[in-house]
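What follows is a set of structures for review.
Okay, so chain A shows up in both of these, paired with chain B first and chain C after.
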Partner chain A sequence: MLDIQQIAKTFHAGTPNEVRALRGVDLKIEPGSFVILIGTNGSGKSTLLNAVAGSFLVDTGRLKLNGREITRWPEHRRAQFIGRVFQNPFTGTAPSMTIAENLALAAKRGRTRGLGWALSSSTKNDLRERIRAMGLGLEDRLDNAIGSLSGGQRQSLTLLMAGLLKPDLLLLDEHTAALDPKSADQVIRLTEEFIRRDRLTTLMVTHSMHQAAHLGDRLIMMVRGRVHHDFQGAEKRRLTPENLLARFEEVRRADQLDETAAEMLGRQYV
Partner chain B sequence: MSLLVGSFTMGLILSLLALGVLVSFRILAFRDLTVDGSIALGGAVAATLLVAGWNPWLATAAACLAGALAGTVTGVLATRFQINGLLAGILVMTALYSVNLRVMGKSNLPLMKEQTIITMAQRFAASDARWSFSRWEVPVQDVAIVAMISLLIGLVAVTMYAFFRTNLGLAMRASGDNEQMIRALGVEVGWMTTFGLALSNGLVALAGALLVQYQGFADVQMGIGMVVWGFASVIIGESLVGSRQIGLLLVGAVMGSILFRLLVAIALRWGLNPNDLKLVTALFVFAALVLPGAIAIVRKHFAQRSSPLAS
Partner chain C sequence: MQITSETNGDLLEIRVSGRLDNEWAGSLSAAIDEAVRLGSHSVVLDLVGVSYISSAGIGALVRSYKQFQAIRGSFAIGTASPEVTEVIRLTGLTKMLLSEPVHRRGSTTSTHSTMQPSFRVSAQAGMTYESYDVRPGSTLTCETIGDAAALPREAYRAEQCRSIEFPCATMGLGLGAFGRDFGDSANRFGEFLAVGGAAAQQPTGSASKPDFQRQVGDFVPNVQMLYGLKCAGEFPQLIRFERLDDEGRLTLSSLADQFLTLADTDLAAMVFVAESAGLIGATLQRSPTSANEAESSKLSHPEIRRWLSFTPERAFPHTLALVVGVASRGAPSGRAKPLAPLLRPLTPRSELHGHFHAAVFSYRPFKKRKLELNETVAALLENEDLQAVLHLLHDDREITGGGESEFVRGACWVGPIANVSGGSY
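Now for the complex of A and B:
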């Protein structure tokens, strides 16, 4: 399905702000699996997601999706296979356009857009049913500008839009981090529902240990631009938020040890 | 009265400019300065072809295409070569000045006896026919011109309205509204911007072509300040319709252009020095940009002072 081979990315290379965000990531994702991606700040988890989405091209390594080599494909070309929800609820929708228009845009994800009506009455009815099924009460507000909705509503709609044409891969980038707890719960409920119903292959970045422990069937922990641990099957099912926090603590200690050790060696030999 | 009809007709013709500016400024959120060059380009191409004996409709269509080409160049500079949008527009506008001189062969090209869209409209009425409304008398020929141009602009506006409701048109609007979102939905924003700029400058050049036929000459200087003019029309239009809905924006731009032209005519009638016109226009746009914010601050200030809690 998704095959990530040894990808690396350095931002601002050769400047004082150089960041080695990804340092050789290898990851194979099976069709239909729901993979959670966690890591400390700057561990490269969002960068990995963006590398797959094509927000930038990787420096080295290869990306394959469904057997197709997509390493050099620009973002808009990858969109035909990939549905996305962003951290910022405002990123996923066009604010001055109506709910119906936004959905109509998503109904053509990755396809040729010609001079056919975007919102024929049959399309509009279809879209209304899809919104009704979400149970947000937005089905009667199809002609309202999306900018007038709350962050939670917008994020729910972005999720619907990402899955409107069944994507080969769904990318969720901390998509509940900017929401209030109630909206976040609702968006998570919808996320689980969509993924289960369409058996979507999903890669989800999260900050929440709770989400990380309870969602998905596989969990990747990233540290300093590399895959640190890969929890699968029974090991993943047994995980609790406390286990995960303990793991992070371990990583933090190991980091400190590394630095002092390096310092000591430096003193002795330089 | 004929001054009023003349201003109305001018406003109507320049509403095509306003519609073009609406596409670049508002829909694509691209500050496109090509406009000053492309309106003159439209005029130059139309006048040259008319003098060469072309059919007026064909000459006008060719002018429109030339404008679209100019917009495409700006789009390519901005999106493929990653030049800042303002600068890309300035480069093309500057280059067009020479292009326009080349097209016309001189800086001013009068239309004498050439058949134009305007003369075609005039032929619907006898030259001495008058319509009178109470104290006012209007030559029927002038009314025929207004009718012909209104028809044309109605056609353009309806086509634009329809276009912006197609899948392609929706994608173009989204490109200006949320670039990241539409890219994630598989649209190449650079191409969409280029296409939009072609559309925008095609409309602007169409305005230039009609303007030349109406005033009876093309001049290489005719584009100076036109982008600000278009912007003023769009701003007035927005405040008239008070909505960001696409249909109302289109209607607003047309109404804004006519109203602005009438205001200018009245100001000139009251003794405004024509040399000061561009200064006044610029001041007007400045005020239109700043006033809404300033009024909000003043209102807030007074609301606080009058509230019992603050006193």
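Now for the complex of A and C:
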């Protein structure tokens, strides 16, 4: 279980560029749940993901993953329990290495890597089967350099690699945003498959209202560094992209309700 | 394919050439829909240039025909190529589509108006108003309910709530909810309006979809009311209004002003159904059965953000709005005094005061000439596509203000208020 307790993060504190990216976020994520994070630009959703991954240390608050206190852990130490897929398909894989080599690295993620054979033949066969199951026709191209693959193929492989060791937590940061619609659909289909099969605890950031409404069993809407709304259970299942847009519209309207508007409304509203 | 159109008085002639197949049927339907939206009630098609018509094309024609039937307009093919004539004959649609169009050029207005307007005015450039005496001499009575002034600071309690019925021949607006009693409605009080045997309400709290009630058999719409007003009686006058060009601006205040003038009164109840060019308004976000946590007013910044939502720019364009309200020339005084807490100036420094709520529906064309109020309201609710209920107001802030609600065309029932009572719970 991921337990986020009152975490806050301010970038460039004390300068004119100060950004209070997270302003006290409290969140408990049950094992096996698939949580979608949405929010407007600058709402803190990606910052939250990065705080969990350890890209920076939080100013205040605590982070616990399956009972381990990881608040002060550096990123690479958290990586043995956390799998990540980024928005840019070129992040997360080594382009000049082959598919097989990349997978071998992924299989040893978070452990010491010696000079022994990276992949036993049985592991390699197992991997080949899993790649075949993805239906991308890459099973016969294990020795091709990853750099020769399309964005969608690379993102599918990154996903496979991130989930390979059944991490305690999978973080997806707008991992389909840079793909064409068809590839994005394919990657989303694989995402659902992997998460369901291994019951991966997942936190996924997306900008797509469609994905937000249709994926996951819980949805967190962030506004200005805080959890604005937490949709769970039946409320989550009933959500449509239109409902979500309406929620964002409410937030936008509230933002526009400044002092002059308040004065006008106070004068006229009965 | 080519589609061109030409207006001739009330008649719109649409000329089509090329193939009217599935590829193009949609474009023709869109052109006809647009014509209806712009107010045409008679369309004649010229299909002389059409070399081929498929079933999709026939389907589009039949759909349009039905659409015009529904608004009591006329739709027919004036002239057609031999190919088209043959297909229409074979499909057995000659009588429906090819018969002599009812409205020929020049005689378009006489056949479908059942009543001539008592007078017609061009109030200002770009706008027309037509007035019909539907029940000459009728007036309405008005009763105010509850304490509107308590909203900013107090939490409403059960003893301040009244259960009010809104049968036909009544209208009302204010803050209320649908429910058995106060307790049942406590978390849902919000804006409502009632007219023509129907009521619509915007709930606060977790539900965001507006709800409605309609008079059916012995069931009469019933609202648990915190405050507001209820008028009873028949409207003597029906006024059709329309913006003729972009110069004409049918704002809420200009309409209210004109309706008061045409009704020859200083205090009137009015209900209008109109195509919206954008509405400016506010809705309550939380039920006022609790007080503000801070000691300050619910309507002060920043607390107001949690209590009210408003439209920073015009919302709901190209929708149909059912607007219910009361307007007064000058702040209510004398016999109208009980209305004072409920009315506000419609424009800054104006003598015109009012209180208007609007229910928003998806756009559909409505009938020409004389309309019947209850029937019109019932037709609006039939499609169950009520989108919102809001309190209309004038965002009169300089530069950033969104301005007033505006309309394109519509019909208003208006009647003088002869007697005002109230101030009681």
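In this section, the second predicted complex is superposed on the first by the 252 of 270 C-alpha atoms of A that agree within 3 Å, B and C clash if a C-alpha of one lies under 4 Å from a C-alpha of the other, contacts with A are read in each partner's own complex, and residues count from 1 in each chain.
What we mean here is this: a residue touches a chain if its C-beta (ideal position, glycine included) is under 8 Å from a C-beta of that chain, and two chains touch if they have at least 3 such contacts.
Quantities reported herein were computed from a predicted structural model and do not represent experimental measurements.
Of the two partner chains placed by the overlay, only chain B lies in contact with A:L105; chain C stays clear of it.
Once the two complexes are laid over each other on the shared chain, residue contacts for A:A234 go to neither chain B nor chain C.
By the touch criterion defined above, A:E250 lies against chain C but remains apart from chain B after alignment on the C-alpha atoms of chain A. Of the two partner chains placed by superposition, only chain B is touched by A:A145; chain C is not. In the superposition on chain A, A:Q80 makes contact with chain B only, not with chain C. Counting the residues of chain A touched by each of chain B and chain C gives the higher count for B.
After overlaying the two complexes on the shared chain, residue contacts for A:G92 are found with chain B alone; chain C is out of touch. Looking at the shared chain after the overlay, A:A53 reaches chain B, while chain C stays out of its contact range. Comparing the two complexes, no residue of chain A contacts chain B in one case and chain C in the other. Of all residues in chain A, those touching chain C in their complex are 246, 250, 252-254, 256-270. Chain B contributes residues 163, 165-171, 173-174, 177-178, 180-189, 244 to its touches with chain A in the complex. Those residues of chain A that touch chain B in the shared complex are 53, 74-77, 79-80, 82, 84, 86, 90-97, 101-102, 104-106, 108-111, 113-119, 145, 161.
Listed in rising order, the residues of chain C touching chain A in the complex are 148, 151-152, 208, 282, 297, 299-302, 304-305, 308-312, 341-345, 355, 391, 393-397, 400-401.
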